[in-house]
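Here come two complexes built around subunit A, the first alongside subunit B, the second alongside subunit C.
What follows is the complex of A and B.
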């Protein structure tokens, strides 16, 4: 790693609870696959973006640590169990502390991480304090997606201001979501220098399947 | 396959193939024509409010500012030759779409701007692939080209920008993404022409791309748009972006990205200062605080002409826009340096060429291979500025198989868009002697005063002086035989 390059850390927090099993989890797998293929055809993304995947069902796991795009292995996603959102948020906080290089007087730190959180249900563990910690710390730009009719937006609003909604868990909706995630990463890796640390990031407009929750 | 009709502002129709997820950039989405010879691009709906003058801007760009159409047909090109030449250097829009949405029609990029091989086969050759340290390693050797190709594509780029600036246009977003390059053929093509800035008439609608935005634009970004101290993209900021691109393509590193830290608050703030108000050239002669540790090959290997231009761009003119070299100066500096390129004889050299920057040491700076013959002629060119007064105005290394072109023979010809590119003579090292063989010069005269017919040669001995042409504007060449 050169002394002059910065990384754009991207964390995907994916709900793999039992309600995602069947078609939805398959659509998520395809979505991650398409996201990878798309990012790997963009020189700026290959140069700067690093990807990590955290899944949460009954427990939360970081199934892929922060890895550069060309070395990233597609994760095995399986759906079962409950929705440990709180665990995932705690894990995210730990991962960012451990993996994202801070700016200091001796090193060029990484860009502010880009975090995409997708859930289709309601948290089943205690999540409130982890959500508050995250909202106070603002370790990155966090975009939360309430996917499908069963998803509850309220907890997400407590984590971040940027909440979007997918009305269904149909493959087409999920595909559109992952495509938008990919576009957002590409735009951020291209325009990162213009993003002042304290202003909201400028993501591409979401496709019609996605509504922004005010 | 669903083929739809787009209606153009002049009533013509353009067909395009409807697809589900068309390729989309920040501004528009792209559909191909059924034969893929042109594209129809529609602006994103939400971007319309962003640029209320879009239609009149497009009309100006397609009309009176258009260097790919001759003046007689409403364009800006002085001749068909010039128009055809610039068609290769720009992907200039050819029509304005008014139905079903506002958009443009543009030619498809020529096939050699798509990778033929490797993991990115079929992708457009945007400059970023060749500049990224990771992506460059992923490209197959057959796509990388040699250093001569990078010089040549830089000349194309400088020439294209010179042409825009001559018309009073600014590109406003020159970057490795908006210039496709082909190092194999040594060409470049400027794309995304539709956001050109006509100063005073159509203001810029974007700031530019990271890494290419001029320091004064970033440094005054916080001021209101109508503040007199606010700097917006202009010809001067294009000059900065062009200098960055040329420096990057020739040296494969960024002129401002070094290790120096300006803020520990955040990466974003640090970057904002490092590219803006605190920008510092990585090779600043008096301040090495931004110099990467692994920088081994200094920019001075590019020879005196480019050294001077780079110094003006990144030392004198980095924070003083009026001191930056114009695109025309880059074009001239690059073409002069082109004449000082020598092939490296090391078959595995990464660059295959180098600039004769130091006549005392004819050695490739990339692989440290010395020139294999113990002499090397340089032709010092002189032209008659006043009767009887011959002043130096150029030089060319006469290595084995080097060619002389009309613009070397005559001082009033220029290697630009209108040039006749017929070789006039070539140099060879034959049986221990350096010879200049006449191919097309009708009045080449030997040092002794005899005409040298086509097919015959002049020997290049140290100090020899001879006329390349007896016609008006014909130059004198004076041989300097370097001892290697």
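What follows is the complex of A and C.
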């Protein structure tokens, strides 16, 4: 891979705690699958988007490092355990530090990362300092999704301005969420172009299943 | 559009390899040499040839003997002349250019060879860093949609443009801009623009790139280029620079409290460039104002009125002339001013790159600065002024980020760009008969095309048109020599130059074809490149 390729790094942080088991985790699997298929039909996404998956239950793991779309293999997602959101945020920070290239005199930086965080519960570990670190550093455009009735929006608001809510964990809602994620990645990969630094990101309007949390 | 045929030197090779014979450098006394060597820039620049050559040799598996007639002594002297900042402004907000000129980077051009989506010959480096096969499927998915008509979107601009102009001082200006794949796929306008002109003793170049995130940025780009060049034509028509001792850099490049040049004639040119940018921004504001209240613009903007921001654009300006030292020897002098990204640079006869701007960029790709009320404040613009002075250069290159990013880092990337242009017949290596190169019988063996070619492709209304392009990185790899060695050797360049011609009636049309066709993964922005090239030494 040429070192000059400007990538659009996309991080998916997925809650795989016990409460997701059964239908919800299956819907997430299908969602990721559909997202891949959709993105693979878009030439700009193929050339630029790189995908990584971080899951968190009792521990957080980067189960897929930043990988180009055509080489990306669907991760094995299993749901069990608690909700180590803090661990996931820490892992995200490390992964971005390690994987995302910044502009320098000898290196062309990647495009600003796009991060989607989905959780259906409340964090069970210490997450506050990791959240504050992320909000300060703003390593990318982070969209946090509180999925289902048990999800707590407050920690998410501490991480990012952009918080959305899925009312249910029904397969249709999760499917709609992943389609919107896919659209967002496509829109971002199409509009990657010069912007003044700190320009807010343009995302497609969310489907009815998704509400924007003010 | 007439191209001025340039005088053919009797022995081109000799002219190149022994430049000190035809263009004597300033004679410096030993005392002067010692004094100038103390300048930070001199110290910073001197190691360039050795560092880059060593690194290149490390990259190459089988380096052949490097025997470039670099003329070290005269070279380091000439580089003293290539000072681009004033040491007294080193404390200002702008980082000293000396750092840009001599970064401690490695020569990475071999890895940076444009990776075509249909490329089958992955370089060893590529396979080493990635176990994956090259990805091709994106190529088939790109679609072509024409620029929308005036009825659909107001202010449509032509998809592309190109122009050839015979300039001053033996310089030929070749310019082209092409709508990028991103805009072809989306059926949107090209946001780049360029203008070239000559006036008096000056060659003028403007390149602008409208913000991709703004719907009417092309208006800003066009206005910026047109107005800036028109302003400069008026201002510089009668301006000639006085001969002087260019080695006395502290005097020549001295700046005042406002960061303007102290010396009267340079001050005048600097003022003209600053005013060109300020007038351009003023006209952009007017261009926004006259469209206010236009229902069609409002409709395109989702119901709101157009703002100056919707016309956001970068602007790169370069004016170039030839000046004499106190003994009558010609030197190239260029001033530049740039807001935003893209690159302005020069390539020497031995393939060395001098950059004349620092792109404004943030942490991530795509974050840059545009013309704004703040950006065009006089002192800020003065700080952006750069001067290049040195022995006559092979080429000056001004380009939008759509090209600059594909040749990053730009030092030495611009040398690779120059090599690609030369091999594809876009730079004059020989203007006809009488050009003789000494070759051995082994040298006469024709190269297999695969040794030089990479796959290119044009995305047109008629579909995808494959087009073979030559790449200097590939050629250098085949020869087992550093890229810089190929570029510094006209015989090598000429041997590797394509025998057929790219489609197009003149150099500018062929440049347009090349800009349209070369492939780099993830590169689908509009591409604009202006080449000010000099075929032979003055």
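Criterion: the second predicted complex is superposed on the first by the 207 of 214 C-alpha atoms of A that agree within 3 Å, B and C clash if a C-alpha of one lies under 4 Å from a C-alpha of the other, contacts with A are read in each partner's own complex, and residues count from 1 in each chain.
Assume contacts are C-beta pairs under 8 Å (C-beta built on N, C-alpha and C of every residue); 3 or more make two chains touch, one makes a residue touch a chain.
All figures in this text were calculated on a predicted structure; none of them were measured in a lab.
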Partners on subunit A (subunit B, subunit C) - clash or fit: clash
Which superposed partner A:71 touches (first subunit B, second subunit C, both, neither): second
Touched partner set for A:6, first subunit B, second subunit C, both or neither: both
First (subunit B), second (subunit C), both or neither touched by A:179: first
First (subunit B), second (subunit C), both or neither touched by A:205: first
Subunit B versus subunit C as contact partner of A:110, first or second or both or neither: both
Partner chain(s) touched by A:46 [first = subunit B, second = subunit C, both, neither]: both
Listed stretches 91-99, 361-369, 379-387 or 433-441 of subunit C, narrowed to the one that overlaps subunit B: 361-369
Contact residues of subunit A, present in both the subunit B and the subunit C interface: 2-6, 41, 43-44, 46-47, 68, 70, 103, 105-112, 190-197
For the subunit B and subunit A complex, residues of the former touching the latter: 21, 24, 26, 44, 46, 120, 123, 126, 128-129, 131-135, 138, 177, 207, 209-211, 213, 218, 221, 254, 257-259, 261, 263-272, 275, 292-294
Touching residues on subunit A, where the partner in the complex is subunit B: 2-6, 41, 43-44, 46-47, 68, 70, 103-112, 179, 183, 187, 190-197, 204-205
Subunit C residues touching subunit A - in the complex, by the definition given at the top: 99-100, 103, 105-106, 108, 111-115, 117, 126, 129-130, 132, 135, 137-139, 141-142, 181-182, 185-186, 209, 211-213, 312, 314, 340-341, 361-370, 401, 405-406, 408-409, 520-525
Residue ranges of subunit A in contact with subunit C within the complex: 1-7, 40-44, 46-48, 68, 70-71, 102-103, 105-112, 190-199, 202
